[in-house]
Amino acid sequence: MFDLTLTPEQIEMRDTLHDFAQQEMKAAAIHPDRLQPFEKPVMSDLLAKAAQLGIRTLSLSEASGGSGSDTLTTCMLIEELAVGEVDVATILGTTAVLGHTLFDRLMSEAQKAKYVSAFAGDDDYHLAFAGVTRETHLGWNYYEDAYEDDVSVPTAEKKGNDWVLNGRIEAVSNAPLAKLFAVQVRTDPQSKGLEGLSTFLIARDHPGLIVEKTIGAFGGEQNSMTRWHHGTAAPITLKNCQLSASDVLGVVGQCPLASGALLQRLSVVNAAVALGVGRASYDAAVDYAKMRRQGGRNIMEHQAIGTKIADCTIKLELSRNMVWKAAWSLDHPEAISDRSLSTLPLAVIARVSTAQAVHEVTLLAAECFGAMGVMRDMPLQKYVNDGFIIAHSDDTDGAAKLLIAESVAGFER
Amino acid sequence: MFDLTLTPEQIEMRDTLHDFAQQEMKAAAIHPDRLQPFEKPVMSDLLAKAAQLGIRTLSLSEASGGSGSDTLTTCMLIEELAVGEVDVATILGTTAVLGHTLFDRLMSEAQKAKYVSAFAGDDDYHLAFAGVTRETHLGWNYYEDAYEDDVSVPTAEKKGNDWVLNGRIEAVSNAPLAKLFAVQVRTDPQSKGLEGLSTFLIARDHPGLIVEKTIGAFGGEQNSMTRWHHGTAAPITLKNCQLSASDVLGVVGQCPLASGALLQRLSVVNAAVALGVGRASYDAAVDYAKMRRQGGRNIMEHQAIGTKIADCTIKLELSRNMVWKAAWSLDHPEAISDRSLSTLPLAVIARVSTAQAVHEVTLLAAECFGAMGVMRDMPLQKYVNDGFIIAHSDDTDGAAKLLIAESVAGFER
Amino acid sequence: MDFSLNEEQRHWQQEARKFADEVLRPQSLERDQLEGGFEPWDWEIIEAGSKLGFRTLAVPKEWGGPGADFVTQAIVMAELAKGDSAMSKAFSQNWKWSHLMSKSCTEDQKERFLKPFLANHRYVMGRGITEPNSGSDNRMPPENDPKAGYRVRSVKEGNEWVLNGSKCFIANGSVGSLFFVDTRSNPEVNIKQGGTLIMVPKGTPGFRIGKVFNKRGWRFYQNAELIFEDCRVPDANVVGKPGTGSVKAGKGDTTGGDIFGDLELAANALGVCDEATTMGTQYARTHQRAGRSLMDHQLIQLKVHEMHMLTEALRSFVLRTAWQHDAGEHSANAGFVMNYSTDIIQRVTQMNLQIHGVEGRMANARADKLVRDAMVWTHLAGDTVQRVKILKRLK
Amino acid sequence: MDFSLNEEQRHWQQEARKFADEVLRPQSLERDQLEGGFEPWDWEIIEAGSKLGFRTLAVPKEWGGPGADFVTQAIVMAELAKGDSAMSKAFSQNWKWSHLMSKSCTEDQKERFLKPFLANHRYVMGRGITEPNSGSDNRMPPENDPKAGYRVRSVKEGNEWVLNGSKCFIANGSVGSLFFVDTRSNPEVNIKQGGTLIMVPKGTPGFRIGKVFNKRGWRFYQNAELIFEDCRVPDANVVGKPGTGSVKAGKGDTTGGDIFGDLELAANALGVCDEATTMGTQYARTHQRAGRSLMDHQLIQLKVHEMHMLTEALRSFVLRTAWQHDAGEHSANAGFVMNYSTDIIQRVTQMNLQIHGVEGRMANARADKLVRDAMVWTHLAGDTVQRVKILKRLK
């Protein structure tokens, strides 16, 4: 039965996170001293405090020591956190989803036994997935075979019962903080693309796993590139990294994460993070509009500003509906088979539409601020920048829409 | 508990309406002989058949002989109908909502006894509301007192225990078909604006009620105006129309429909009609794109067309989420008080955002059709026209957004 | 740099404005509201305009025409379109083929067709390219599908060509005296090598008009089906050489865009935008909403502002492109300005409709007409292929 | 009509292009990436450009300047902005006050300020209008709130004016030698009657620089707070007459728009759009995605197309408006083209960013810089008030 009622627990947790974000995160996150410098190191204090509130293990099953929250609840809470600070929310969202995916769905009992208590008990324990998924180029391959020629992954060479891994992976999310990595490598040297891959679990302190320098504000030749992601990321290098057969996640030659299906939760949770950024800018604009006086009245009373505020309201409301629907659908496949929900790729729709909406919201919000919208000691320019990163990323640009079109057309590879 | 599952009954009724729309309505509705002429009389056959399927009395309580469907279900089914033909869906949606509002909520027992069996039993029995609501100019009065100077309504003069009504009301929806009218008149000649109004129930055959000529394709001086609504409408004139105190809906001097709250269902159901128009154009575009070959491949396989299709998919999906949420919220005020839902004006958000989205969808769909999109013997130009009417109406233009802004700002009149 | 008009240009502008004000606008809505595809057409309007030179404006002076330059042509199209976009197009459609004739036709062909065109106020022309299964493929022949594109077959028999097949949506189709028909003389190769452009006058045996299309916008303007059944045309009617493809035969491609056609749509759009902007501004200044002048509402101010802003941007772009044509400058601007006009005309006409709003569940019929006319641009001047193909003109 | 540049205009175009290519662009990103509000500034760049005439371009020939016309000014701003938008603005900001001085200053004032300006390569100027609580209210003083607008107080004492208060976001604030300061000589009436424009040179006792603003875009360009504490300035420094309001005093309003300022932002935006379009096109032609050239993807083709199309529209509009200024034509186009450039620069720079995409979770820093520079237009050239006020210029 269609029902949009939230449980009292959900509302209470949301309130808790809301207050935490407003009272503890925001002040630090938008302090001029943090806003002005180009480099913005992860706010470890806030990360730890949020972890203590249970966000890190939100999706991990209760049996394993987590809260066992569903994807919808996770999205709801991560959104609140992201209103406070986007990187902290991104890092926690990633660990929360990977916690569920790795421990509750993919690990063998032995692997779980090896890692789970440390993960559940250590507020600083984060997780990272280092690999590519089938979706990387998928939109660009609209109506064509997936192009996988430049899927370059580290190799694993069999030595007796062990494997020796070598290679490099660029820009692994959470790498600077992760204590456990799920790393995709090529175990079959004859295969190409996404074939012949396997996933290994590698603890951070395992010999041969090197986490390189965290990606900072600028990089590339003559600083020709600039950081373009949320959370934190670093390249990792595998140098004669020796692992045993028991470190393989699932079976050799199959790559449970490469299909991307298990990672849809991650993209929906990232959409919730985006929503939080949109909200932060929107809240700021509403507050400012009610206070700023021009033309003989508060600017909120100008039709032009009212229209911008209303547009933001609509965009955020529609995005949240979609994120929640996609989140709920991931935990309720039966609602697709009984035709309560359509067979459209809801997670893709959620991430693409939310990214676009939030980007527009941050720009509209900045317009309300006039010149204050571009000053580096003020938060708006940060939100605008966050919105650009959200809108123009690999998985949110125009190409991602083509995945939706393929689904509508019934095209299958 | 948040749950997007539909009941088997909902799915079955939706299927029934879907098949009816596709198999019976569409062929007649988009036949070139109907599409080409400017005048498009109501398709009475389809209207009667849909009424026989129970749509007319969908929202009327079961006790009164209706189906007692909630607003969500009504929206779901009216959308399907509107995919088939927009005017039939509009007329039925209006009668269905007014049926619930008048019979289940506003009439006295005596009034109900007088009219309900005829209404419930007669497939050709439609309802009309003739009056203005507080929202008429509301957006335009952003942050100012509501302007009601040009609220011109017929007058009612007391003669003994009776009332004598005189005056004219422009463009009453459903008037050409309605057998019962709820008409707002000024009973207190001293009052202005929306004060001092009362509502009378008037049967179509009551002496002194004259339904004028149905609004056609063109009108005004030298045909300077063109029909700009869905469903059917006509002006009504009251000429010494004598009514008794028992014909007053509610009490004299109070106007239950003028506040607009009870009519929110109507605006959400109209948003569902809009959604149906969007779907019709979208379905046509998808079919055409999969068939039309240019550039050595079906145009569906062109990235540009795929992007348009995906944009339509996203817009319709987001709109439907919003319409359903608003519809559900109207029947579940407790979800607002327990903070599962926000206090935003969801019905306004639904109608404004859906109108805009559907307008864009019809234009994108037409783009897929090339020159075929402007030919009058083809359906696309009709959908585009419908989309324009939906997008640029009194309650969907820019001013309506300002109602949302006022709510965000907490402004109260 | 100098943006001012010379005396001749100003003269034509005044003439066109007067004709639009006195003849076109007063009849615009009435003709638009006639049922049917053919019915909105009116020969008297054509004849009246022809007498003032608007039908033959682009015919060079040496052939007895006014020989107006491109800037003048753009200005006249815009002025006429202020009165009625479709009527403006019915005149300028002839200029297209005046250009083609002066550039590509033999002296004999000019004698046989240009002279009667000049002499007869009811002589109008069109070109047949589009067919039911070839629209975009004519504009940008796909490399992977050489058989794509128009298929009306032309076979040479002795000194004659025999044509078979049909064309659709052809401009002036139901009223034209002469058509330039793109035919496929060799169906095995692509249309650039297998295409032959042939002039077919009305009345040629085996050539007849089929369906007259009934459109949502541009209702005055005629589009019809042309049907060829063993239609025989003398070899002397071939434009350029057989098998050179129609663009090349028409020598239309010397400045980096269809030298006239692209500009034509942009200039016409400019007129429509001018009209919509005038209407919207006037309405906002003279009407009230919620007790205040519409012009006092920011919502309306922003719309009026945007209409003016976009129309002025379009005017600047149209005039610059027209000048580039006159100056023979290579540029991709003819294509860009045409695509641009597609976006602008939609936006501006819609804002006019919004400003007018709804009264008594009815809308202003002329505001609606401008929107409907604007819709024609979507496929004619701004679809994906028309945008993408222009990239090839970039250096 | 003639769109071609004359020899002098072409000369300046070439010079500016060379300077942008050789000096500005190579240092653009490096300066942009320096932390702080002041740090990105570089006097050597100013000096180098000044030696080529870019600082004093708008000073009339009779005062020893190059006396470039508006078309030339527009072209030079656009060319410099291709190298770096903020650096271009740092030069052209001075032209604004060159215009003002030649129009409104007395001979004595010119002697005292224009001469040193011409003589010193490091002499730059600015104008102080904005204050913390008056931004839009200066642009369009509200009728219902006469006390709105700037409040820096000026009181006449003998032959001196005493200034108190502060200005914020003032252009060239941290580096300027001379400021035109809008003061309130009568706080009881609106700024059109109670405003007095006063020249305050650097080093005047009681005048100091406060906060230097650290911006997201246009980082090279300086904006700072100006603080006046019993700052005394001779009466001879008043521009025009006391109490005439700053616009009138500045005689800036002779062609229906701020005769230079509005055009300045539009011309600068044109340069940024040119740069973004070149970058995006080049990148699309030389990079692959999913095994195909980016230029083979329709998604990218449509973006490249739109960038070119909008940039050409903007170019047409900017050049036409510059010509109108030179011709002294009344029009609202200066305002319209400025607002228009706001919309176009955002769109074009964003498409360039999209085309570049993301690699290794990093984006092209220059593509990002262009987007950040473009953001400045939002409040400077295209907010609601700046759009609405232009309607008043319409006939």
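So that you can tell them apart, the chains are marked A, B, C and D in the order they are listed, and the count of residues begins at 1 in each.
Here, contacts are C-beta pairs under 8 Å (C-beta built on N, C-alpha and C of every residue); 3 or more make two chains touch, one makes a residue touch a chain.
Computed from a prediction, not measured in an experiment: that's the story for all the values here.
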A-C or B-C - the one linked by more C-beta pairs in contact: B-C
Can you tell me which chain lies farthest from chain B, using the average of the Cα atoms as each chain's centre? D
Distance between the centres, which are taken as Cα means, of chain D and chain A, whole angstrom: 40
From the mean C-alpha coordinate of chain A to that of chain C, what's the distance rounded to whole Å? 51
Among the residues of chain C, pick out those that touch two or more other chains and give their numbers. 297-299, 302, 384, 388
Could you check chain A for residues that touch two or more other chains and list them? 302-305, 307, 398, 402
As the complex stands, chain D meets chain B at residues 297-299, 302
Provide the residue numbers of chain D that touch chain C in the complex, in ascending order. 1-6, 9, 71, 281, 295, 298, 301-302, 304-306, 308-310, 312-317, 319-324, 326-327, 332-333, 336-337, 339-340, 384, 387-388, 390-391, 394
Per the touch rule above, chain A residues touching chain D in the complex are 36-38, 137, 140-141, 147, 149-150, 170-171, 173, 215, 218-220, 222-229, 233, 235, 293-296, 302, 304-305, 363, 366-367, 369-371, 373-377, 381, 384-385, 388-389, 392-394, 397-399, 402
In the complex with chain C, residue positions of chain A that touch it: 302-304, 307
Give the list of chain B residues in touch with chain A in this complex. 1-8, 10-11, 72, 142-143, 286, 289-290, 297, 300-301, 303, 305-307, 309-311, 313-314, 317-319, 321-322, 324-325, 328-329, 332, 335, 338-342, 344, 346, 349, 352-353, 398, 401-402, 404-406, 408-409
